[in-house]
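What follows is a group of structures, each given as structure tokens.
The two complexes that follow have chain A in common; it is paired with chain B in the first and with chain C in the second.
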Partner chain A sequence: MLWDAFLQLLDLWIVAAALIGITTGVIIGAIPGLGPTMAIALLIPVTFAMQPVPAMILLLGVYQGAIFGGSISAVLLNVPGTPSSAATAMDGFPMARRGEGGRALRLALFASVFGNIFSCLVLMALAEPLARLALDFGPAEMAVLMLFALLVIVLFGGGSRLDALIMVLVGVCAGIVGLDPISGTPRFTFNSFAMESGFQLIPVLIGLFAMSEVFLQVFNRAPEVRADVMPELRSSHVSVAEMWRMRLTLLYSSMIGTFVGILPGIGSTVPAFMSYSLARSRSKEPETFGKGAAEGIAAPEASNNAVTGGALVPTLALGIPGDAVTAVILGAFMLHGLAPGPFLFEKNGLEVYAIFEALLFSSIPTVILGLLLFRAAIHVTRIQPRHLLPAIAILALFGAFSVNNNLFDVWVMLGAGFFGFLFRRSGFPLPPLLIGLILGHPFEQSVRQALLTSGGKFAIFADSPITLILLVLIVMSITTSVFVYFRSKRSGRDG
Partner chain B sequence: MKITRRFGLALAAGMLLTPFVAQAADNYPDHAVKIIIPYGAGGTTDTSARQLASQTEKLLGQPIVVENMPGGSGANAMRAVAAADADGYTLIAATSSPSFVTPALRPVGYDPLKDFEPVLNYSGPYHGVLVKADSPYKTFEDMIEAAKSGTSLSFGTAGALGGAHLAFTSVAKQSGGALQHVPFNGASAATAAVLGGHVDISLVPAYRDLVQDGQLRLLGVLDGSRDPEFPDSPTLNDLGYKAEFPSIVGILAPAGTDPAIISKLETAFTKAASSDEFKKFMTKLGQPVRIMSGEALKKTISENFYAYQEIAKEISK
Partner chain C sequence: MTSKTKHFQLTMPALTSILLLVSSLVGIWIADSEIQIFSFGDQWPDARTVPVVVLWLLAAISALRLILNFGEQKTPIGPVHRYGQVFIVLLAAIIALWSMPHFGFLPGAIFFGIVATLALGERRPLLVLGLPLIVAITVYYGGRYGIGVPLP
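Take a look at the complex of A and B:
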């Protein structure tokens, strides 16, 4: 079966489809506001005339490429192209500012490929049993998992924990605006129809990270980088030994990405930050994180790319898509006569395995394309910020508008930019705010769903093996961080 | 000099305007027609409307441009079309929720009955009443009996105050059974919840393969008519309840559009929607083709709008 499927791939059209898909994906992913969802949706009609296998390879190539492409602008400009690459910017941008942009991009590329291969192998080997496992995650399990994710970001995200907690709560509060998820009544919408959908993630993200950078530079009297002190471009070599040293980080991050990807509705941003926090807490030199640590780039990249394979598990095995991107991919599979669901593997096994293998082998063109692209892209770091700012501002405006073709989102973006500017000026970290905004609404929804199904009894949160394991993890992370806190306090007093 | 220029302009404008005034319907359409999709690109509503548009533009002789305007569960796009010029060049591919469910519940900024002129209905996925295959309830009556005898059953839907939620609330009222609503974020999440045993029942579309594979059992459908693929599953009306959630996907024009234009559009869209090509496409997408005239669609929308207003009143009591 696997060999037959492989033979199907030896076709010029399939190779061309993979190349075109990945290139398009990388470019679209690098532009803020144009995520993989839009790219795939726009390309579906183009694939109507194609055979099913090359068509799906083209579309999945766009998906993979876009997730990686988002990290290019995150590393070089500190403007995440996709929400999931916001974590990559935390160490990628400082490294690029040191003149090691090429190295940062290569680390991101190799980690992405690792995450991709890992999750593809999981998808091929375990799609059906894992899809069953995903079903065991009901509202109660999701609620505890999200609580755990929020906790990890606050405790191990780096910096002051109180600051992180405040920012998480700001994010959660911003997520309350909109329609109540259970009763459907408007909350804090001030009778405005536009506010009923709440604050959309992408305009907020672009505002917080990109627009606030513009404001910071505009209000900065002394420009940060002068032409004469521009960083020298340094060697971008990344050795195999260096990647090998990070093997555990890569493995854990890929596991987090794949697993969270399987669960519906969380997306790829949260696992990226979770992996970043885990890598930092496991590191022997946690103080280098945020200043251009290699593992701070590798961990989120491996994780957010591993989400692609994970997210396809329930989509293909059950016909249940976890998020907007996989919902669009599901539609594309159906249009090409490969209806995802329980019969997919029986009826179209050969095509499906051919598509999986193509996902695996697409790492080869991704690496080649990536390395070629970097040669040109890296020179962006040699452009002075004041020359880049207009371009960033315009990209931010267009990006926010293009999400829903809605002017309201542009105002949200500008507002988020202003708040982001204030927070950054006063030294508050932005990632916890983003995570609070992403998880706040679904966390509230799952807690309330769980209580509705249990008739209001809180016991449901300690009822299943999954919630128990997660509760143990929560207690362990709290005790660890309390222990580390007291130890560091004592050693501080001794020294 | 001035006068001649002004006169020339007036003449030119007059020449441009005359055909519009005199024979707007005869020349319709003389430029591209726009269809607004109230949801994002790539979803089933979007994909099917794009296919219908590409087939209809050949019949109309002018391109049909499809534009996505997501947000507010479809209400944003409806508001925009309600306010658009009623010249037949701006249409909307509307679904049940912004046409008669949401407007019955809260102010949305448009009147679904007075602001639109229905052209035709062409699709609408059947919503099923589904339980897990190992559930003790073999029929709809079994389930209601259980709900009446003390066990509170939970039912998942795609979201709070959707058509499925309201229709089933009405069933609970009429039967006196204890049915607890649990809203999810979309139909997929509600399907996953019933498969995982987190809720007892789910009211969702796109159930065919999971039912045929023996993972879910279909106890009934919420529509006014039975799903042709499962003719044995009763509708709520068959079961003796005065409740339904008819699923529509149709084309609406702003109210005040010239009736001649409406009938031109209806003829063209109906021809395209009843073609084998469209049927084949929709089957692949797992969507039914359900053609209804503009008149019939108008009736469905207004009947259900009033019915849902009644249910909404009861819920808020």
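Take a look at the complex of A and C:
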């Protein structure tokens, strides 16, 4: 299987897709405010005419490239291109101000590649066994698993738990519109035929992540990026010996990134800060952190890139996205006929392994392109939002239309964009909404199927060892969350 | 001595919570008419059960959010004229979408792009007109002939 998958990669189009994806990702990631989620959402329509494997390699290349690209503006401008690069800026920017911007970016690049390789290996090792395990799951098991995923997003996604819960419920409500999954009855369609298909994922997420950004920037009017703020980029290098000295930091950080990435809804910002804190506590010179310490750059970068592979484990094996980006990738997989879930490896094993191997091998072009694109990316970071966002707005119109070739989806995108703007202005998080939208429909279907087969008895949800384990995990998650809440409250009072 | 009395101030989170509370209550109110149940024997839970439960939960938690954060002043609503600009962009998008079946994608997208550029603060005529024009033409011809999307 692995060899056959590798042979699939020996195609000029696939190599071109990987190169274009990584380059686009690095450039988009470098622009403050444009994250991989928006980039992938807008690029999905571009891949419609492509075969599934090169299309997914292109989009995953954008994902990988954008996570690293985010560190470029973090290091050079102290403005994280992606939220997960905020931890990188803490030491990257001071190092750049010392005139070692090139060294900081090289450290970030090599650490990113290390994190990526580690998480890809874990992805290859875990995804298929997990999918095989999930083949034994019935509706009750799937329902409890999805409840666990939604709960983790609410409890550990960061920020206010109440706001996250509201957003999950808004997502589930949005998923209700359309035909009932069991009886086919129209629900909240207001006698509109177009609404019977419900709100499609891609237009909603283009609205939430791209159009809402346009509205938000119109409201906020972001300050201009001043070229004189940027430190000079002198030539520098990072030796193999220096990276070797950081091997344990890189390994721990990659482990944190990968395994936190597997948990739904947490994203890459939390593990980046966790790895930064761990690296500082393990360091013999913790006082250098915050002043340009090499490990302060390597740890968060390895960690936030390792999230890529980790988040893809539940996305591909169970159809449960780990964060907003993987929710978009899940949508792209579905559009290309590769339905994520337990049957993915049975039906499309060869294609999936080809994509995994491409992710692994793309580390080579990432290093080459990353080194080549440093200087070009400096110019990219100077692009003003007012010149970029109109283009994003037009691309959003096109992207939403192209999913089903109808204008109804564009109206949906526009509505999602406006509500996304209101939610973001209010400080409500968007990823729980997206994951609620994706999981709401299958969750309801599983719950109702389980209850219909059991004659309405809730005991079916505690009937098998799998559901019992998941219920124990749910109780443990709630207990941990309550404990963390009271401890942070107490330390806040003491401090 | 400082007074600890909290006064209700309409903030963005409070406004959004009120919006969600009202929407969910309206949803519950119209659930019976918007979800027809054709019963073929005892089939609980039916198509209405989950939506109604979720809407009640959303209403309850939105109300709880309002009560718990009563007096919170973290995110004020902000200047009204800025919302005016957002509404102008939204209105431009609505006009562009409404006009697309009649005049096609290209004029609508160019119009929307120009309004968005102006609302974002660009005033140089070359960029206000040129940028949306170039992007819309590239997207239209690239999408129509490159990817094969039948844009109106």
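Everything that follows uses one rule, which is that the second predicted complex is superposed on the first by the 266 of 495 C-alpha atoms of A that agree within 3 Å, B and C clash if a C-alpha of one lies under 4 Å from a C-alpha of the other, contacts with A are read in each partner's own complex, and residues count from 1 in each chain.
Following the convention adopted for this analysis, a contact is a pair of C-beta atoms (placed from the backbone, for glycine too) under 8 Å apart; a residue touches a chain by one contact, two chains touch by 3 or more.
Remember, it's a predicted structure, so these values are computed and weren't measured experimentally.
Of the two partner chains placed by the overlay, only chain B lies in contact with A:Val328; chain C stays clear of it.
Of the two partner chains placed by the overlay, only chain C lies in contact with A:Leu162; chain B stays clear of it. Once chain A of one complex is fitted onto chain A of the other, the partner contacts of A:Ser197 are limited to chain B, with no touch recorded for chain C.
In the superposition on chain A, A:Leu452 makes contact with both chain B and chain C. By the touch criterion defined above, A:Ala49 reaches chain C but does not reach chain B. Within the superposed three-chain model, A:Ala89 lies out of touch with both chain B and chain C [touch as defined at top].
With both structures placed on the common chain, the touch criterion links A:Asn405 to chain B and to chain C. After overlaying the two complexes on the shared chain, residue contacts for A:Asp180 are found with chain B and with chain C alike. Applying the stated contact rule after C-alpha superposition, one finds that A:Val122 touches neither chain B nor chain C. Common to the chain B and chain C interfaces on chain A are residues 45, 180, 182-183, 185-186, 405, 452.
On the chain A side of its complex with chain B, the touching residues are 37-38, 40-42, 44-45, 134-140, 179-186, 193-194, 196-197, 264-265, 314, 318-322, 324, 327-328, 331-332, 334-337, 339, 341-343, 404-406, 442, 445, 449, 452-453, 455.
Listed in rising order, the residues of chain A touching chain C in the complex are 45-46, 48-49, 162-163, 165-166, 169-170, 172-173, 176, 180, 182-183, 185-190, 214-215, 217-221, 385-387, 389-391, 393-395, 397-398, 401-402, 405, 407, 410-411, 414, 418, 421-423, 425-428, 440, 444, 447-448, 451-452, 456.
Of all the residues in chain B, the ones that touch chain A in their complex are 40-44, 46-47, 50, 67-72, 75-76, 79, 105-106, 108-109, 152, 154, 159-161, 180-185, 188-189, 191-193, 195-199, 206, 209-210, 212-213, 215, 281, 284-286.
Considering their complex, residues 12-13, 15-17, 19-20, 24, 27, 30, 34-38, 43-47, 49-51, 54-55, 57-58, 61-62, 64-65, 68, 74-75, 78, 82-83, 85-86, 89-90, 93-94, 96-97, 100-101, 105, 108-109, 112-114, 116-117, 119-122, 127, 131-132, 135-136, 139-140, 143, 146-152 of chain C touch chain A.
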